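Structures are listed in the sections that come next.
First chain A sits with chain B, and in the next complex the same chain sits with chain C.
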Partner chain A sequence: MSDALRFELSKALVAAGFVLYLPANILPVMTITIAGQVDSLTVVGGVMELYDGGLVPVAAVVFLASVLLPALKLVLLLWMLLLHGTEIRRERRMALHAFLERIGTWAMIDIFLLSILAAVGQLGILASVQAENGALFFGAMIICTIYAAGIYKPYMIWQDPTPEHQSL
Partner chain B sequence: MSNENRDTAARDHGQVVKAHHRTVAWVWIFPLLAAAVAGWLMWEDYKSMGPEIEITFDEAPGIQAGKTQLIYRGVISGKVESVELDDALQKVVVRIQLKEFAKGLATEETDFWVERPVITLTELAGLESIIQGNSIRARNPGGEPKRAFVGLLKPPLLPMMPGTFTVRLRGAQVPFLGPGTPVYHKGVKVGYVREKSLVENSEAELHLMIEPDHRATLRTTSRFWPVPATSLTVGQHGLKVDIQGIDALVQGGIAFDHFDKEGMDVANDALFALSASEFGARASGRLLTVTFDNGRGLVPGATTVCYLGMPIGLVEATEADRESGLVRASIRLVPSYEALADSAAAFTLVHPHISLMEVSGLDTLLTGVYIALDPGTGGSPSETFVGRSASDGAWLEKEKEGLPFTLQAADLPSLGKGTPVLYRGVSVGKILEKSLDEQRRPILRGVIQTEFRDALDANARFWRVPATSLKAGPGVLQLYVDGLQSLIQGGVAFDVFEAAGKTASANAVFQLYPDMENARAVSQPITIQFVNGRGIAPGRTELRYLGLPVGIVEKVETSKGKVQVTARLDKGHDFLRREGSLFNIVRPNISLQGISGLETLISGIYIECSPGLSTRLANSFTGHSTIDSEEVLHGGLTIEVVAEASTVSVGASVFYRGISVGRVTDKSLSSDGRKVVLTIIIEDRFSHLVRAGSKFWDSSGLTATLGFMKLRIQTESIMAANDRISFATPDNAEMGPPARDGDSFVLHPTSRIEWRRWNPTIPVEN
Partner chain C sequence: MQAAWALATAGLLLLVLANTHPIMVFSVAGNIQENLIITGVESLWQEGYSLLAALVFFSAIAAPFLYLGGLWYVAMCLCLRVRLPGLASVLRITETLESWNLMPVFAIACIVSVVKLRTLGTVSWESGAAWILIASVVTLFAVQFFDRKQAELFVEGAG
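Let's turn to the complex of A and B:
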């Protein structure tokens, strides 16, 4: 895969991430039915539910991993890709890239929780948990950001701007 | 790669650009795809949203924004978006986002209510609300689209589906039938009571919902009646608890039927009347009016009209008419019996009638009074009747047919209307009336049934049959109960004791005697004078001949210092009226010498008669009073015993060798006053024992001999402790001739030893 392709693919994935971010946060990620009472939760709604339920630390972790982190990642990736080929803050971009690589999978904690809940929380009429479309979008968005960060190799930060590129 | 690029770049730049361009293009398919999927999903989501509606409730307990669902026919059809109070804080405004498929609910006829659990004895509803929380329910959509609604105050108990068929029922009162009460037709549940309300003139109205499937069971001729939750029937057949079914156990129900009287289909919302009971519903004939003098016991809706004992109708209403002073009862008959009520029919109000003589209408004690219908013949259809009461004279008219008669008596205790008239034990008539005649004497008017009228002879004698009599006589103790019915009331009996005459004419007057003995005594009265009339009771004291009753004392009065007893003798005993007949009062006598006349203790004293020898009859006699009539009448040897003084009293026994052979009947002083004269009667069979040489001594008392170391008390017998006379007759050589009446003997104070050793052989003389 050429560097140009990598760059383009990365940009496309980030763009797709932004597109997916909207339904991922608007649509409910899961439906909890407890004793006949149906509750559809979005990601933010889930955080609120946890917070209302008094689980502040869990709410904080989920909020960080599921709401803040994906958004941050998208924004930082966009910033990094926009500065591609320039010489601006190359060291900082390197550090950022390493950070994005490391935290990339953490955002999947929400999907992980959901899959466990959906698997365990099947108690017939009494209670059931079901994944909704929002989770699909959310997962897709996270995958987009992970791959966007993965495809864009750190050495590409150091590549010359356009003239050099064009010479290739 | 870089080398190749470098070469290409050196030769041709355009190619590179082209290839680069193409690479870039397919990469962007990812965001496009994502956007397309997201967009499609969002569109789908949007599309599933129906209109938003606004419902106003008085209160909305348990309604949560974002959670509470709108449910229609059990399907989630929307969700509450917001719950707010209106500006005046009077109402709750609930906004609901309907689903697309449920947009039809946003129409003007839809009812909305808050469903919450209802748990009562008769109802268990909205159970799922306990688990799921309250919800908003909708039903019955239809009409023009609309966005703002007013919610119902309370859940309608029964979902009214389109096409539901309702009828209205009105009745004076609707007992304990609330919404939800089942409606039955021949035991099948075909509907419910939807609503219970009061309408004008404060009649209760029930709205019934009949299931469309069963609509055809309701005809215009249908009659409705309430089925009591649990009925307890107490009747002649015992106690019956009737429970219509578990669901009707508590709430009862309503039933209807048209009783095979075909009608037409019923229009929706038709009006019916609610009958008081099933039987009331059955009795659906035309309205008849019967007037009664007295409506005691008539209960509207409960009093039945019976024909041959079968209930065929019901009193619907009673009303006292002030002008005519009558009670007017509105009656309906079961249609199949309606033809009976023509102008010839008679309606009789039957009350329980209990006279120990007769018990009638006893069933009415339990069932209440009823009206008996006696159909007549040849009447024309009529709607108004004059009823009568079973105790009316008119009702007795039938029984009056027969031979009437009148009875007179000094007093008539315990006899009254209904008392039977007996002839030789057969009830041949009845006393109909008890009243006073012109002289204020009580009279009884009775009637002899036609078939027995020959039994009443002009010479018949009537007497009262006591309810219960206790007869005691010599060797007789008889408790006489003349049948249960006369146990308490008694009756009147008659018989002919004289020669039978001709049959009595109508309204003949007879004397009523207190008892049969009085009635029997048909002879001319005889009068007997006694010194002392103690114990003689008119109408009770009998005259007896040889111990058999032959007459009765009719009257006792005093006359010239004597008691004058008027008596009558039974037929065939006129010989006792001969001149010289003896009449003696027999009284009980209990003494140590003996007990006599004991039966008179129970039966009362009587007068023993003994016919005279003369052939002439007399009407007046002088009676005697004796202790024991037997000895006087069959008296044997009468002798006198003379003593200086004697403690022996009248009645003392006379003994011969320890056997009582006679009695002292009189004790008097001799004419010169120096001696005591005891008159002794020796029984006939023993009279030969007394000879001229017989010795009499006073053997009264105890003989006590105080000897050495012992006290000997000698007495003839315990009974003879006081009064007794003994005699002994010497051995054959000295006995002398037999004693004769009037012979006199000396009473020795003690006996001598040799007297006791006498042991003569005394022949019986003839």
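Let's turn to the complex of A and C:
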């Protein structure tokens, strides 16, 4: 894969991530039914429920990993790609890239959570947890951010501007 | 490198234990549900979310095995000073899978889900959860001991 193509793909994935971020956070990711009581939860809704239940540290972890982190990651990726081919803050961008790769997959916590909870769905009418479409958008958004960071190689930060790199 | 090989071996065994023992038991009104890692994948699949099921299967089951397996293979080659077939590609695949080593994330997700399920019914931890935790710690140490520079040099034929 050529570097120019890598750069283009990375930009496309970040753009897709931004688009997917909205439905991922607006649509419910799961529906919990317990003793006839139906409850549709969005990602933030799940955090709120934990918070209301007095489980502040757990709520904070989930909020960090699945709401704040993906947003932060998209913004930082955008910043890194916008500065591609320039000489501004190259060391800072190197450190940022390493950071992004490290935190990349923590947003998967919500998908795993859904998967563990969904197993309860096998109890039938008494208790069930059903996945909803929001989870699909959420999963797709996370994959976009992971690959956007993975496809843009750190050495590309040090490349000099060429005509094809100048436009974003 | 010997340490990395030993830890990777231990990690692989622990992963097998983590995948074959239930993480938790959940019960509502006398109905009992045992949860393995794979149970969630099955449920998502049955609910028609095959993409999500595949994503969870890949990142929680397949990737940790492949990653640790790759690490084990390369570390073994280095320790024994043998060039087994496919060494270069195994190292490359292992490096790509590094960010998909999601066992620690899964461990946290387990804790959160137990907390959540407490509000719905009775939950109790089972041995699988401990295996997941130990497996992730052992994997982290194996990665620490794995000298990537040395591995790359060896693969290129300079080590």
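Heads up, the rule we're going with is that the second predicted complex is superposed on the first by the 160 of 168 C-alpha atoms of A that agree within 3 Å, B and C clash if a C-alpha of one lies under 4 Å from a C-alpha of the other, contacts with A are read in each partner's own complex, and residues count from 1 in each chain.
Heads up, the rule we're going with is that a residue touches a chain if its C-beta (ideal position, glycine included) is under 8 Å from a C-beta of that chain, and two chains touch if they have at least 3 such contacts.
Only a predicted model underlies this, so the values are computations on that prediction, with no experimental measurement involved.
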Chain B versus chain C as contact partner of A:Ala4, first or second or both or neither: first
Which superposed partner A:Leu114 touches (first chain B, second chain C, both, neither): second
First (chain B), second (chain C), both or neither touched by A:Val58: second
Touching partner for A:Thr86 - first (chain B), second (chain C), both, neither: neither
Chain A residues touched - chain C or chain B, whichever exceeds: C
Touched partner set for A:Cys144, first chain B, second chain C, both or neither: first
On chain A, positions contacted by chain B and by chain C: none
Contact set on chain B toward chain A in their complex: 1-2, 5-6, 9, 20, 23-24, 27-31, 33-35, 37-38, 41-42, 45, 67, 69, 76, 128, 131-133
Complex contact set, residues of chain A against chain C: 32, 34, 46, 49-50, 53, 55, 58, 61-62, 65, 101, 104-106, 108-124, 126-127, 130-131, 135-136, 139, 143, 146, 150
Residue ranges of chain A touching chain B (in the complex, touch as defined): 2, 4-5, 8-9, 11-13, 15-16, 18-20, 22-23, 26-27, 35-39, 133, 137, 140, 144, 167-168
Chain C to chain A touching residues, read off their complex: 23, 26, 28-29, 31, 33, 35, 39-44, 47, 49, 51-53, 55-56, 59-60, 96, 99-100, 102, 105-106, 108-113, 115-117, 119-121
